[in-house]
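In the two complexes below, chain A is the common chain; its partner is chain B in one and chain C in the other.
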Partner chain A sequence: MFELQDVCKVYEMKGVETHALRGATLEIRKGEYVAILGPSGSGKSTLMHIMGCLDTPTKGGVFVEGRKVSEMNDDELARIRREKIGFVFQAYNLIPGLTAIENVALPLRLGGHGRGESQRKAKEVLRKVGLGERTTHKPNELSGGEQQRVAIARSLINDPDAILADEPTGNLDTKSGKEIFELLENLHKKTGKTIIVVTHDINLAKRAHREIRIMDGKIVN
Partner chain B sequence: MLDLALKDLKEHKVRTILTALGIFIAITAIVSLGSISAGVNELIASSGILGSDYVFVMKSFEISEMIGPGGAYQIEDIEADTLEELKSLSGVDRVVPIIARQFGGFFEVDGLDMDNVDMFGAENLEFKEGGWPENEDRGAALGFLPASMLDVVVGDYITLNKKEVEVMGIFEEGSGAYDLVILMPYDYADEIYETEGGATQIIIEPEDVTLVEEIKQTIEDEHDDLDAMTMEDALSMMEEVTGTLNIMTFGIGFIASIVAAIGIIITMYTSVLERRRQLGIMKAVGALRRTILIQILQEGLLLSVASSVLAVGISFFFVDLLNNVLLGGINLAVITPVLAIGAVAYGVLLTVISSLYPAWIAVKTDPIKAIREG
Partner chain C sequence: MMWEAMLREFGRHKLRTVLTMLGVMIGIFLVTSVSSFSEGITYFVNDQIAITSGLVTVVEKGVFGFMIQQSEIDEDLVEEVESISGVENVAAILFETVDGVSITGTPPGTENIIRGVTIEVGEGRDYEEGQKELIIGTGYAEKNDYSVGDVIKLDEKEYEIVGILEETGDSGMDNSVNMPLKDLQELTDNEGKISIMMIQPSTPADADFIEQAINDDFDDIQAASDKSIMNSVSEMTSQLNLMTFALGSIAALISGIVIMNVMIISVRERRRDIGTMKAIGATNKQVLLAILLEAVTISVGGAIVGIILSFGGTSYINMILMQPLALVTPRLVIQGILFAAFIGIVSGILPARQAAKLSPIEALRYE
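And now, the complex of A and B:
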């Protein structure tokens, strides 16, 4: 599903270069449930962003389902993000002015689907993540756990092959965090989607089928 | 996606109102000024005095004399003996003296030969009541507006230069420039205004059209104190006046547009910066560059259509106020359909063009930076 070959990412801020990834190579097969572990600043999020086609590497090759995405333009990457990958962020990243159902329907609307059709599908997905009764609430009217469920529903709306979750429990209490993990696990069991989760929590990471550890921008296992 | 654009405009009411206000002011200014320009053009076109092949004679004047209270009425009269000299010019058929005086601020009293009203295109005017005074009558025919303002009917008297003058006829409403005049026989006007056989203006009809230029030249050569104008000169002078008015309208409209455009750019740009995180999220979940561009332009489009239509609607009210309150019922300003539709189209175009730069900034949003930095 995902293949990274000697990927490097260098950020430059005010003339100072920061090496977020230093030759990361890995392969994640379709249907795998993978946890990415590593300390803060180790490059986990950068790795996720590059796999999720949100960012491009400075050097190296990135392949999603065999297609080389590291050389694609903005719009080609946007299409892959919309159709192949669902992204879940630590800070939920919902649009504050939109209701839960509108947030979930957004990727469909951006793909040119009508309002009615998009909202019907969004309602169905919200029901699946246990929020069937909270569809018209705005993000500030929902708890952290509920907001993350909305974000997961949004990542699922286009029925992508893979869900990439970047510390999805980082802003949640232990109970809500556990529930979110269970939701992702169930999703994997029921649909066989590829799930990649970045986490600090070793206990939660152990529930995944495979752990990938990253240190100073390099894959260490 | 139009519903999302509308939702975003509603979410940020202050910003939306400020942007709309900029467009509204510019379009109102353009329509209001344009309506005066259009109205003056129509008034000139409807003026009967633009007959064909006449020579118009007045005392020489400087443009500066035309400006200020009284305007054109400060120009001296042509003396009686000069009038006689003009009558004796060779090649001249009709010589019609006019005594013109200002009345009540907006109106003009014209003393002229009642047998020659055809020279002013006035022979077919309809009367609401009464009719033309004869040359020997001691009365006047009033335009609709002075009659309404003075609240008189035929048989009543009006005061001109402290003398009582009988109302003998009132024109129908909608007689163009004749809505604004009081016409009376030349001899009676001469008596009322004590002009001693002189005239404010003299209109000369040559025996033959080909003599127009020659007569004009002769008058200017023989009378240093007189200005003679042919129809062609008069037309070009009026074109100059309307041209100046049009340039003024264009200039003020242009400045208003620049100010509005800067306002739109600033508020839309601020809006894009404020929504950077939202735009980043949209891109992260798969929005194409084109989708973001359309989203921002749609907001501009919605704003501009609403505020331009409102501006044109309000301009009708302003124009009505200008015509009926400030100008006492003279329909000087006119909003033509071309002006109304053109102004809305211009408002939309102005906003869409001004939204391009903020839209481009939105398109270039880096999703990761926008989400991380907000």
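And now, the complex of A and C:
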């Protein structure tokens, strides 16, 4: 599903170079449940962003389903993000002006689907993540755990092959965090989707089928 | 679609949106109001010229050419004017409003000068003096469902409709109510007074001479041939158009800058949302169009309010002038909206491109 070959990423901020990734090579197969583990600043989020076509590497090759990412144009990348990958972010990243159901339906709407059809599907997915009753609430009317469930529903709406979650429990208390992990695990069990979770919580990472440890921009295991 | 989500943002910043619209609103209001004069005057004059073709119009000195209903002349002057060489015929006309009905009074025999040679009584017959008789236009007849033989009450007195004019296509003529001059003077206590004179020259070439003679020799009246009316009107409308152009340019510039400024701030504030949308699959083009549409919506929204205000403004001015001089035509409405859309697009391009170029990662960092 994802393949990284000797990927480097250098950020330049005010003339100072930061090496976020220094030659990362890894492969994640379809249907795997993988945790990317590492201390903060180790480059794990950068790794995920590059896998998810949100960011481009400074050097090295990235392949999604065998296609080289650097050879795709902006529209193709947008389509991959919309249809092949579902993102879950630490800060949920819901659109504040939209209700839960509208947030979940947004990827479908961006793909040109009609309003009625999109909302019907969104409602169904919201029910699956246990929020069938709170579809018309705005993000600021929901708890952190609920917002993250909405975000997971949004990541699922296009039935993508992979879910990429960047510290999905980072802003949540222990109980809600556990619930979110259970939700992702169930999702993996039931649908066999590829699930990649970035976290610095060792206990949560242990639940995944494979751990990828990263330190100072290098994969260490 | 994405723009739905973007447009929701307006609701979150109501005051800012309204204030941003204000610039376009005031601009379009001013431009439309000023243009409405130029439109109205052109319509009015074209209407008039169609009827007065080849005639010389005489009004009270100092009366502005399009406010002839305010003009008041001594009827005795008619004889003096008739004695000017080259004058073939003179129609003395009185305009008065009785019980809300605008009535034109002309002495029997001279109506053809103002009606034009081809307009005749289509149905019924011409009026006779002292018989309390009226002739009305087809439009007025249709609007009020009148036919020949019907009686209209004016100031408690009964007047009979004895004729209906042929349809002319000229709104002034088709909606006219006419009676003999003497009868109208008597009805409105205006004995010896008329509003204007219309002079028919012996030959078209005499018009200029008659105009000159009246303007030189009379203290209380002034004359204008339709040619000189046309000239002064086109001079005036071209000045109005120049003013519109100046106003429009300034309004466009200022409101464009305001919209651009607000949109740049708004895009910056929403970096995170825009980045999120790109992360979940919005294309650059969708982001670009959404922001452009937002700018156009603000601009056109302001324009629509401005146009509505200009309808109010012009009717107020017309009420004060007691003349339908300012006219907001469909052309002006469309022009205003297109102009605003143009302002929106131009001022939205920069912020929209900034938004489209945002990397999803850059935007997600804003947390």
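Just so it is clear, the second predicted complex is superposed on the first by the 220 of 221 C-alpha atoms of A that agree within 3 Å, B and C clash if a C-alpha of one lies under 4 Å from a C-alpha of the other, contacts with A are read in each partner's own complex, and residues count from 1 in each chain.
Heads up, the rule we're going with is that contacts are C-beta pairs under 8 Å (C-beta built on N, C-alpha and C of every residue); 3 or more make two chains touch, one makes a residue touch a chain.
In this text the structure is predicted, and so the values were computed from the model without any measurement.
S.K.: Taking chain A as the common reference, can chain B and chain C both be placed on it without clashing, or not? Answer clash or fit.
M.R.: These partners clash in the superposed model.
S.K.: With both complexes overlaid on chain A, does A:L54 touch chain B (first), chain C (second), both or neither?
M.R.: both
S.K.: Output check: A:D75 vs chain B and chain C. Expected answer is one of first, second, both, neither. What do you get?
M.R.: both
S.K.: Would you check which partner chain A:I101 touches, where first means chain B only, second means chain C only, and both and neither mean what they say?
M.R.: Neither partner.
S.K.: What is the contact status of A:V129 with respect to chain B (first) and chain C (second): first, second, both, or neither?
M.R.: In the superposed model, A:V129 contacts neither chain B nor chain C.
S.K.: Let me test your reading of the model: by the given contact rule, A:V34 touches which partner, first (chain B), second (chain C), both or neither?
M.R.: neither
S.K.: Of the candidate stretches 132-140, 150-158 or 240-248, which in chain C collides with chain B after aligning the structures?
M.R.: 240-248
S.K.: Return the residues of chain A at which the contacts from chain B and from chain C coincide.
M.R.: In the superposed arrangement, which is not itself an observed complex, chain A uses residues 49, 54-55, 74-75, 78-79, 81-83, 87, 89, 91, 93-98, 106-107, 109-111, 154, 158 for both chain B and chain C.
S.K.: For chain B, which residues count as touching chain A in their complex?
M.R.: Residues 1, 3-4, 7-8, 11, 277-278, 281-291, 367-368, 371.
S.K.: Tell me, which parts of chain A touch chain C in their complex?
M.R.: 49, 52, 54-55, 74-75, 78-79, 81-83, 87, 89, 91, 93-98, 102, 106-107, 109-111, 154-155, 158
S.K.: Given the complex with chain A, which residues does chain C contribute to the contact?
M.R.: Interface residues on the chain C side: 1-2, 4-5, 8-9, 11-12, 272-273, 276-286, 359-361, 364, 367.
S.K.: Give every residue of chain A touching chain B within the complex, in rising order.
M.R.: Checking each residue of chain A against chain B gives 49, 54-55, 74-75, 78-79, 81-83, 87, 89, 91, 93-98, 106-107, 109-111, 115, 154, 158.
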